[in-house]
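Here come two complexes built around chain A, the first alongside chain B, the second alongside chain C.
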Partner chain A sequence: MSTADTLAWPGTRTTSRPLVDKLQEWVTTVDHKRLGILYIAYALFFLVVAGIEATVMRIQLIRPHNAFVSPQNFNRLFTMHGTTMIFFVAMPLVFGFANYLVPLMIGARDMAFPRLNAFSFWLTAFGGLILHYSLVGGYGLYGAGTVPDVGWWAYAPLTAKTFSPGHSSDYWTLSLLVSGFGSILTAVNLIATTISMRCRGMTLGKMPLLAWLSLVMAGLVILAVGPLTAAQIMLLIDRYLGGHFFDTQAGGSAVLWMHFFWIFGHPEVYVLILPAFAFVSEIVPVFSRKAMFGYPIMVAATIAIGFISCSVWAHHMFSVGMSVGGHLFFTVTTMAIAVPTGIKIFNWLATMWGGKIYFKAPMLFCVAFLFQFLIAGLTGVMLASSAFTWQTAGSYFVVAHFHYVIIGGILFAAFGAFYYWYPKMTGRMYSETLAKWHFWLFLIGFHVTFDTMHIPGLLGMPRRIYTYEPGRGWDTLNLIVTIGVVFQAAGVLTFVFNLVRSYLRGRPAGSDPWDAWTLEWSTTSPPPEYNFATIPTVKSRRPLWDLKHPEDPDWKYE
Partner chain B sequence: MSIGAVLGQSASPLSPTSIFAPASTPAQTIFDLSMMVIALVVAIFVIVGGLIAYSVVKFRKRRNDDGREPAQVYGSQQVELAWTIIPVITVLVLFLATARAVLAVQGASKPKDAVEVTVVGHQFWWEYQYPGKKVVTANELHVPVGEKTFLKLLSADTDHSFWVPRLGGKTDLVPNHPNQMWIEPRETGLFLGQCAQYCGTQHGMMLLRIYVDSRTDFDRWLKEQATLARADDAFAEGRKIFEQTACINCHAVAGTAANGRFGPDLTHLMSRETLGAGVVRNTPENLRRWIRRPDDFKPGSLMPPMGLTEQQLDAVTTYLASLR
Partner chain C sequence: MLSLITAESAIFVIFVVAYLFYVGKSPSGPTPAVLHTPIFLSVCLLSSSWTIHRAVAALRRGEIASFAGWWLATFALGAVFLAGTGLEWRHLIVDEGLTIRTNLFGTTYYSLVGLHAFHLTAGLLALGTVLLFALFGKVKQQHAAHADVLSLYWHFVDVVWVAVFLVVYVIGR
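Let's turn to the complex of A and B:
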């Protein structure tokens, strides 16, 4: 501010620059905080888009033999909804928070490769635009565009030229190819940053859990997105260069695609849930006023989850026709993941135990997360049992299960993270009243929709059907599922309204509104471009605790 | 016993496709396992969920709080060890139970006298062949009660999945990847299901109908199905139109020039209760509408409208309606 004043030409107005300049600053920025916010804003935009797609599907399914959308449009909707939510909402969201928080929490001034960081954001952004350009572009059907309708996992041979003429599958493939490169580069950047940019005194054993979880998440991204990207290239070779990897009409293998997709697809679940664990691991201690219980075990459990999650992919293929050995192997590996995951839940519980829990919005979302992730984990254990999954695979039970993971787990934790770090990112406090409205509306909507959704699956309702027969006991349940959407939509609108309103009119937050313990709270809100005037030195996992309690510092016990 | 049992009792009259109303050996095996799995996870939920709820209530910040930080606890190896070992044991129990069910269903050997059916999934209908019996039919499968029927699962185009919840778990039909499953129905009647692996535009209306007959009914049905189509001069006009248009490129009528295999076999069309893989009842009126414009019932179906005149439609419908 003062620099700008002294440098300004006398008589010129320095406070309101032209919009173009501001825009240019954002487009050309290499600052990890701005890129983080760009990722998050981008994710929020597509959250609304994909949410609208889901709402249209729910209207179609509100009663049997409804004709709100045509079968093909319904298939396009679930393809776009799934692809968008995973690749252009969940991924950018976790990358956005990691980008913003990791350098701040490890006391660095930026990511290791700031330009690469900007490059990967714009690749990801471009991927989402390609996918949605299919709504209007290409030489597809007149007026209907060339929106892909192959499902978000795009099983072969539906994507072969025979079954998918035109360019709809190409939009899908290319968008994932491009954003896949963005994801891999971001992961490389995150790993390099965490390994080499930590401030003095911050050994790996003293890193905040969020940094640890982001590190493992980034490692998984490299392992998982690689095969997906390779598969996209193979699919393009099939479609344009006469290859036959997945072209079953010419002897190719449909099962090969499944392996490629799920060896990406399952670690991907952990790519998304580890950051959610990270948010909870930061928020729960602060709002319970206690140190994280069992930090070394939390780190070990995270690494174990990372490794095990690479050996479970074929539980997505229990109905594909596997040997007995295959069924047993993937059953036991999948169930094994419940152990480190269970340890995490118990550690959060132990952190709250004996604390003084105060229920601001971030903590409310984390408590809901604990219950919902517990349920999601338990249905996950059920689905790990291959024989049980012979009945439930591809049914609404699975749909309910993974929405429980992604919404009940990841999104709830992310909402908590939004409220927790909003004051840091904007320098303004959000409205607690609106946040509580958001919480309760969304909580009710979530449970009305997704608790109910398990049942039609157990009553034989497969996923991805544009309509269904009456008399199968699914009618009322589907009606209830759709009603829940209204509450969820109201919750999300309240949330967005809160973000915007608080940005414009919120009271100043101060640098440490939560009386928290990690480094990001030691700098101003929002932090300056260089983050820290002097690079901090830490002696324990909770440097600000040490500062606030010189009589009882953490480093005496760790 | 837990939620599952409650669902099981209330679900069977409620839904003809409930996994809690098993009527065949593999479905029963899976049902028994499911009950055990559900009981176990409900118990875990009650315990862990109860602990979370307790700690949230008990350790909430009180109004008369003194503002001091609570005692800081950093961890405890004994406690950590306990909540590692207990889940390991639980998982082991679940795994063994699953292994038993997997072996019972998938490890079962095929008896020599088992009924064999080859199921071919097509976009968006089912073809059933009875090898050695000269029977090919579509969309409505007949099997005998109380006997093991082994289904060989093939696909003519994309992935599909055969799922009749009351008879057994699902198995996919994957091109170039032949699969097998078996059922052993305990009671006669009609069992419903549908394709459970996304296969294209009309995946949603690729319905399954399994008729479990008594052995005598089944034998009679097989015998009828193995006969050639009736040749009756009364329907010669319709037959001529049928054989001289593109119909026969896709459809077969045994004993005539029509030998297409892309669409359902029509030799005994009128012995089936539904049209279009279960999408509508098989009446002459619906049949006529179907031939005129399949999209009326099933938009995205691969059968094109044939562009017949009203008279031709009448004649073809009359001919097809004679194929019993």
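Let's turn to the complex of A and C:
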């Protein structure tokens, strides 16, 4: 007990411990909630970093023959932007929410392996630091630079010593190797937690959808990140021990790297989108005041997506020259995955149908998600056709498509999740006005940028070019695309401002501000370190509904 | 542990695929013909699966001495295998002139077998730690579940060897 505690006036909160103590608590924590928040804060930081990188690229492309950055730096920018956004923004974000929410939702006091959990976080964190350390550190070959510049998928033979002297590709491969181990261990932890830590009465069929989707996500991480890790080890062997895996001059194959990378790469998309589905599946019912429509079908569709997503990877490689059989197979599987995804969209719509919808910020983001993800899915089906992809591969059409998925889908759902669980995590209510500003600014910015971006793609503008000739019909379109960035940046700044201001000044939220139904709302906000004073017992999929309406409980109908 | 094993299997699958993809594609020698089939070593490793099974079963019954004996046997068999692999590699490097940078066969062979040897080494370190604990009398009957998890990993290393053996010494030639 410190002296500050004993000397405090009665009734005043004694939060004046030295900063070092607080920091030490955060660094050494094994509490799943604190680690979750660390993941999320880390992701937000890198979201801003990679966002700035994107902004610089858009300024460079605002008009033909612009000279804002050099071609070399442009290559570095898109490599760092892609790698950071996928591995150090999106992954930590989904892991952070899963870490924070899964134990709370299944009525557990922590993850199955708390110390392993902390270890995985720090692996991921240092992975990101290695990547960005390349900006300042390490002596490469003189004049070669040390920032990775091989693109986020680092195709061979670009990564060979000949074409990538110095240490730039080493930073890239090591950071992915390290954070990959972090991801695998987190996934192991999530699976063990979900399988063996559920509270009494919570059968698999009564688990909240978020827990289900996190479980499938963790399974996909285990299947997908392994190949990436293996490929990174091979690349390291090539670069450091003089191996020949991807060395075409000694009979190695560059296409093999593409296969290995995309065996990871496509399930990875679903690793990221499944948590987005999870957020929407929790938010939409609460703000429609209805139970989730078609719960068993949602679970089945999730598992179907998990399986199919492991057999679609080569649709990233249609233009590389595969056999006819290969083209057919991957076209069919890629189109097939639209079916379970479509089922999900209809289920969310059916949940909203006839409901009493409250358009608070989380719901707004989810509704936008539904529209945008649908469009992203439609361009996805277009690109699933290999004949179409031969025309558009490597063009801005593809860039527009996957940004529609990642921003219009994943990021919008994540923003919704931020607002929905912000009261739970901090105990404070966010400002609804600022949240609406954020929503509309970001929505407008998103559509101005990425709707427009499809068109130069169809007109033949290739991706990853640092500049272009005037008079090809791309000039005005690129200007419009860049203008959208201004709105998006303003939206994100509003968002960050809202988070900070509400943390300091927001009104207390209470334990259940949304009148929601899952277990995390039954404890205080923020939850105590042990989560639940007594481990709850549940009888239905909506335990809090049963508690609030003992005269009409859910378990009578399930 | 089962999840971890799934993840590890994915890593091995990729290395196996790479090996099979590159079989016979090296533009210059040496070829897989230089390999000696390690029958004795394989028997050692596979029988260590049996000994570790006996060890865990003994621990479950609370027979600590019997546990320590079988556990030691497992460790010894694993160590023999590792040493055998080392001798084989010495032969390949010194006598046949095959290193990881010689050709594609060298690259894929040393990576695949080396990855397995790495996992074996990790397993031996874990087994050795438990062995030390057992010698100091710290292993009790209630630790059987923990020992079981470790034995699961050890079985996995063995099963991987079966796959590697098939790929490298049967199909690859």
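Throughout what follows, the second predicted complex is superposed on the first by the 539 of 558 C-alpha atoms of A that agree within 3 Å, B and C clash if a C-alpha of one lies under 4 Å from a C-alpha of the other, contacts with A are read in each partner's own complex, and residues count from 1 in each chain.
The definition used in the following text is that contacts are C-beta pairs under 8 Å (C-beta built on N, C-alpha and C of every residue); 3 or more make two chains touch, one makes a residue touch a chain.
Predicted model, so just to flag it, every value in this text is computed and none were measured.
**Student:** Which holds for A:Val367: it touches chain B only (first), chain C only (second), both, or neither?
**Tutor:** first
**Student:** What is the contact status of A:Gly251 with respect to chain B (first) and chain C (second): first, second, both, or neither?
**Tutor:** both
**Student:** Taking the superposition on A as described, I'd like to know which of chain B and chain C A:Tyr295 touches: first, second, both or neither.
**Tutor:** So A:Tyr295 only meets chain B here.
**Student:** First (chain B), second (chain C), both or neither: which does A:Met429 touch?
**Tutor:** A:Met429 contacts neither chain B nor chain C.
**Student:** May I ask you to decide whether A:Gly242 touches chain B, chain C, both, or neither, giving the answer as first, second, both or neither?
**Tutor:** Touch partner of A:Gly242: chain C, not chain B.
**Student:** Who does A:Thr229 touch here: chain B (first), chain C (second), both, or neither?
**Tutor:** second
**Student:** Of the two partner chains, chain B (first) and chain C (second), which one does A:Ile465 touch, if any: first, second, both, or neither?
**Tutor:** Touch partner of A:Ile465: chain B, not chain C.
**Student:** May I ask you to decide whether A:Ala490 touches chain B, chain C, both, or neither, giving the answer as first, second, both or neither?
**Tutor:** Neither chain B nor chain C is touched by A:Ala490.
**Student:** In the superposed model, does chain B or chain C contact more residues of chain A?
**Tutor:** Partner touching more chain A residues in the overlay: B.
**Student:** Please write out, lowest number first, the residues of chain A touched by both chain B and chain C across the two complexes.
**Tutor:** On chain A, the overlap between the chain B and chain C contacts is residues 251-253.
**Student:** Along chain A, where are the residues that touch chain C in the complex?
**Tutor:** Of all residues in chain A, those touching chain C are 184, 187-188, 191-192, 218, 222-227, 229-231, 233-234, 237-238, 241-245, 250-253, 256, 260, 263.
**Student:** Where on chain B is chain A touching in the complex?
**Tutor:** Result: residues 7, 11, 14-20, 27, 29-30, 33-34, 37-38, 41, 44-45, 48-49, 51-52, 55-56, 59-62, 65, 69-76, 79-80, 83-84, 87-88, 91, 94-95, 97-99, 101-103, 105-107, 153, 157-159, 161, 163, 165, 168-172, 174-177, 179-180, 192-205, 207, 299-300 of chain B touch chain A.
**Student:** Across the complex, what residues on chain A touch chain B?
**Tutor:** Residues in contact with chain B: 70-72, 74-75, 149, 151, 155, 157-158, 163, 248-249, 251-255, 288-291, 293-297, 319-321, 324, 327-328, 331-332, 335-336, 338-339, 342-343, 345-347, 349-350, 352-359, 367, 370-371, 374-375, 378-379, 381-382, 384-395, 455, 458-469, 471-474, 549, 552, 554, 557-558.
**Student:** Could you pull out which chain C residues touch chain A in their complex?
**Tutor:** 3-4, 6-15, 18, 21-22, 25-27, 100-101, 103-104, 107-108, 111, 115
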